[in-house]
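Here's a structure for you.
Each chain gets a letter, A, B, C and D, in the order it is written, and its residues are counted from 1.
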Amino acid sequence: MIKNPVKKEQLVKWVLVTFALSSLLFLFLIFIFILFEGLPLFHKIGLKNIILGFKWAPTKGSFGIFPMIVSSFLVTFGALIIGAPMGLSCAIYLAEYSGKRLKMFLKPALELLAGIPSVVYGFLGVVYIVPIIRDYIGGSGFSLLATSIILGIMILPTVISISFDALMSVPKTYREGSFAMGATKWQTIHKVVIPAAKSGILASFILGMGRAIGETMAVIMIAGNALRIPSSILDPLRTLTGNIALELAYATGDHRLGLFSTGIVLLVIIMILNYIANFGIKRKM
Amino acid sequence: MRINPRFTNKFVQIGLNLQAFFTVGILVIIVAIICFKGLPYVNFEFIFSYPEDMGRLGGIFPSIVGTILLALLSILFATPLGVGTAIFLTEYTKESKFTKIIRFGVESLAGIPSILYGLFGFIFFVIKLRMGWSLLAGVLTITIMILPTIIRTSEEAIKAVPRNLRIVSYSLSATKWETVTKVVLPSAIPGILTGIMLSVGRAVGETAAVIFTMGSSLRLPTSLFDSGRTMAVHFYILAREGISMEKAYGTALVLVVSILLINVVAYYLMNKAISKYS
Amino acid sequence: MSTKIAISGLRVAFSKNEILKGITIDVHRNTITGFMGPSGSGKTTLISVINRMIDFEENAHIDGEVHIDGHNILDGGQNTVELRRRVGTVFAVPIPLPRSIYENIAYGPRLRGIGDRIMLHYIVEDSLKKAFLWDEVKDRLSMSALKLSGGQQQRLCLARTLALKPEIILLDEPCSGLDPISTAKIEDALSELKKDFTIILVSNNTKQIARITDFSAFFYLGELIEYDTTERLFTKPSVKKTEDYIQGKFG
Amino acid sequence: MVRKLGIIVVALATLIISCSNKPAARAKKDKHTITIAGSTSVMPFTEKLAEHFMIDHRKFVIDVQGGGSTAGIQACLNNTVDIGMSSRELKEGEKMLNTITICYDGIAIVVHPKNPLKALTMQQVSRIFNGEIKNWDELGWIKRKIDAVTREEGSGTRSSFEELVMKGRGIDDGIMVQDSNGSVKEVVATDPYAIGYISLGLVDERVKAMTIDGVIPSIRSIKTGKYKIVRPFLYVTNGELDEDGKQFVKFVLSKDGQGILKKEGLVGFYD
């Protein structure tokens, strides 16, 4: 133990700085190693042929991931179409209508469910959603629709929790002012509270999108993983994440590089989404 | 045409009620299915015996041990790093460009999807550092993955400690570090534990980042260099390969119950932390 | 009577707002000196310079010199941790640390590396006795300090400061929130303590200042208006402002 | 506290450094550890063999991992594993490895048990996977889209399937992809309109194997050479195996070992 307190303080400070820098170091390492593995292929095959290419046959020299980019966005928007209205109305109910006791119980209960592992969602999707779609709607069931439903449910806790916080942070005076002018509760919520909480609600949608676009194991279980851009919501599809997880264990050589370039594209999309959610929107709040 | 606003109001209220209960209902059903389908297969033997025939028979003991090892070792690494970072950000520096950059790094890490952690862990720990599929590679990958959660919750917890306590400690001739370790951290412990518990929950439920770094060997890992299988990975393989639906449901039940328990403890600690100063 | 603290030309400003406008004053050893004045007069800021707690305020700009035993504590090289051990502080609001009574008192000595149980126990008992609290808590030293009453908490804070074995004790309106009985106990304690310590008592309560201090200083809007023995200041103040303040015409 | 943190940091650093030369360390650490990795088709059978082997050889620890044929071969080339598993023949650039054929495996074309069709030609199968035949009515069943399932790029089973069945035709992009025999089987077992291909050893009552060109896939038809969609299961090694590895391989090729494989529906070297 160092006795001199001044020296010790200095030492502590430096150790803590190192710890704080470790996060940056890890981020840097992740970027470097994914870029380092994936970029040579961009150089070799060409950015355009990868990002806009339609054919993925890495053992035969084709590395087009355009269908997967499209598919990733399709499932993400599908998840949003299902999860956003459900999540938002649930958040509105919790924030504006439910009693204090119910609120104290429901909010943590919903957040607890965020902890259910994604593989469990995927499994239930395979066992319940996929057969229902196959038997009553059509197709094999492994589809854009099934994936959107499962992802929509998976993003609920994120959407609910963050929109709820945004709604709760709207000052009481706004509501009182609206009521004083004779507005009904719904008019108040609709015309005053939601606009005031708009940026937080948007942030919850974007973070939900981030979760949906990054989800992997549940997706490969229910998406069917076909390489074509789906032409209907009943067609199977493969996302960027699914592409990596399906083939990583097997891949060598250029094939592996191809998966890392898939990773780069995913990383870029995620960083843009996070940037929008964290710095573009939250700052305005 | 104008609809009576009072009518709309009532209509919306009923609609929202139904909607909220529908949403909660879905989530309750998910847990209920797992419980009812899994309960018949979970017993003492299932938890404490070894799997046979790739998991078609026997229990899930090695995967439980694998899960516990992964989660414990990850928080062992991530906690000092995360709490240290939080202390630095709250106590040792003012808001500046530097802290902004660090916060940006933490936020970015938090947003990276787990498959990319898997991709990174695979290329860096498994291949470049030649750890192979091993407990160690899994632990280090998960450590990085849970770090942001620990940093953010610890920072909140430390910020919540009243400034007065720090002032008193300084006035009693404590140095900054003595103040942090003897006054600030003890008061922030429930909040920090919340972050740790949430991270444990995340490590336990993770599949994508684990399967490519820790591998999926069904053996009981006995050293850091052994490959192993966590419950989540075991469940994934059982369900996806159709090895045994019964064992899959059983594993899912153990998995979900342990995660819910961990999260309940986390919430309990969080409430304790909140009520302490309000 | 020798000088313990010599302050000369002290100016303190926060951003552009000057709180202390050139204070020069000598505080004598083994006396109780009262600092009084209406709020905003700068007396709290003044004592926060003496123990350098002002370091924790942002944008504070300090000019001038503060000598303790002839050594300027505003020097860059001053070890503030060591200084705060010599200059103990009791704040206006009692703030016990969230631990037991015993641990609150032992906090300071432990920081100085005193780990011996007998020694610690002696310090705790002695400090509590000097703060007139021992009889009330001797059977429940392991109880949380947060469970004590306000008056007891403030005496605990005094005891905690005494356990540091300081040379100077600064008290910032220590009785402002207390009932008369608790106040009397603290005043009794202080009168005993001046044999061993140099005490500065900041107070807005002129009667309290008159009761227990040896010297009194009157501050107004960052300036030292008058400084004299308490007896003279309260009987024959030389400045009209002081007289008005003492008679309660403003404050 | 500082010291504790310090110790943790140092420990972390040491761990990271110490594992950079881990293969050598592991080889010394436990004499009786055999690591095997590769094809997920061969893996379940190797696990079974290992389970039986370890009953009589209690000091042995056999670590069996998946990863795929190509990964197994690569791992073998890097000496990260003792034995690599492959469910396809070696390609150019891999031929320097020693190969041990442990048995042969048929690839069965499987459909849901409810599917009334019993036979297909090789030609039809390749046209289904090529995307030319899209509906079951083209094959004489109901008007319903065929849910074909293939394996992912890099899989040994897929590579054998492409070579033996597709014969140069590409597999259509609109076809579903699953990443293991088990998951293909799971899709086929639950979807009445699905068709896929899996290792014959995994065929059970949950899926129905199709007769191809008039031949039912079975151990007998493979032995006699009538069933054509057959690939070898290989163990590959980089140079000579050590004594431990040799003992295990000897067990695999023995009557006992081959008996186990036969029970699993594979074609071994004994009758």
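A few remarks follow.
We adopt the following convention: a residue touches a chain if its C-beta (ideal position, glycine included) is under 8 Å from a C-beta of that chain, and two chains touch if they have at least 3 such contacts.
These figures come from a predicted structure and were not determined experimentally.
Set side by side, the interfaces A-B and B-C show unequal numbers of C-beta pairs in contact, with more at A-B. The chain with its CA mean position farthest from that of subunit D is C. Subunit A and subunit B have centres, each the mean of its CA atoms, that are 17 Å apart.
Separating the CA-averaged centres of subunit B and subunit C is a span of 48 Å.
Note on chain placement: the centre of subunit B and the centre of subunit D lie 34 Å apart, centres being C-alpha means.
For this pair, subunit C with subunit D, the centres built from the Cα atoms lie 81 Å apart. Those residues of subunit D in touch with two or more other chains are numbered 2, 5, 9, 66, 186.
Within subunit B, the positions touching two or more other chains are listed as 80, 84, 175, 177, 240.
Multi-chain contact residues of subunit A (touching two or more other chains) are listed as 5, 8, 12, 15, 126, 245, 249. On the side of subunit A, the complex with subunit D involves touching residues 1-2, 8, 11-12, 15, 55-59, 67, 126, 130-131, 134, 139-142, 220, 224-228, 235-236, 238, 245-247, 249-252, 255. The part of subunit A that touches subunit B in the complex is made up of residues 5, 8-9, 12-13, 15-17, 19-24, 26-27, 29-30, 33-34, 37, 86-87, 89-90, 92-94, 97-98, 106, 108-113, 115-121, 123-124, 126, 128, 153, 156, 160, 183-187, 210, 213-217, 221, 241, 244-245, 248-249, 259-260, 263, 266-267, 270-271, 273-274, 277-278. Partner subunit D is touched in their complex by these residues of subunit B: 52-54, 76-77, 80, 84, 129-134, 136, 140, 177, 181, 215-219, 223-227, 240-243. On the subunit D side of its complex with subunit B, the touching residues are 1-2, 5, 8-9, 12, 15-16, 19-23, 25-26, 29, 44, 47-48, 51, 61, 63-66, 80, 180-183, 185-186, 189, 206. Contact residues of subunit B toward subunit C in the complex are 164-165, 167-175, 178, 182-183, 186-187.
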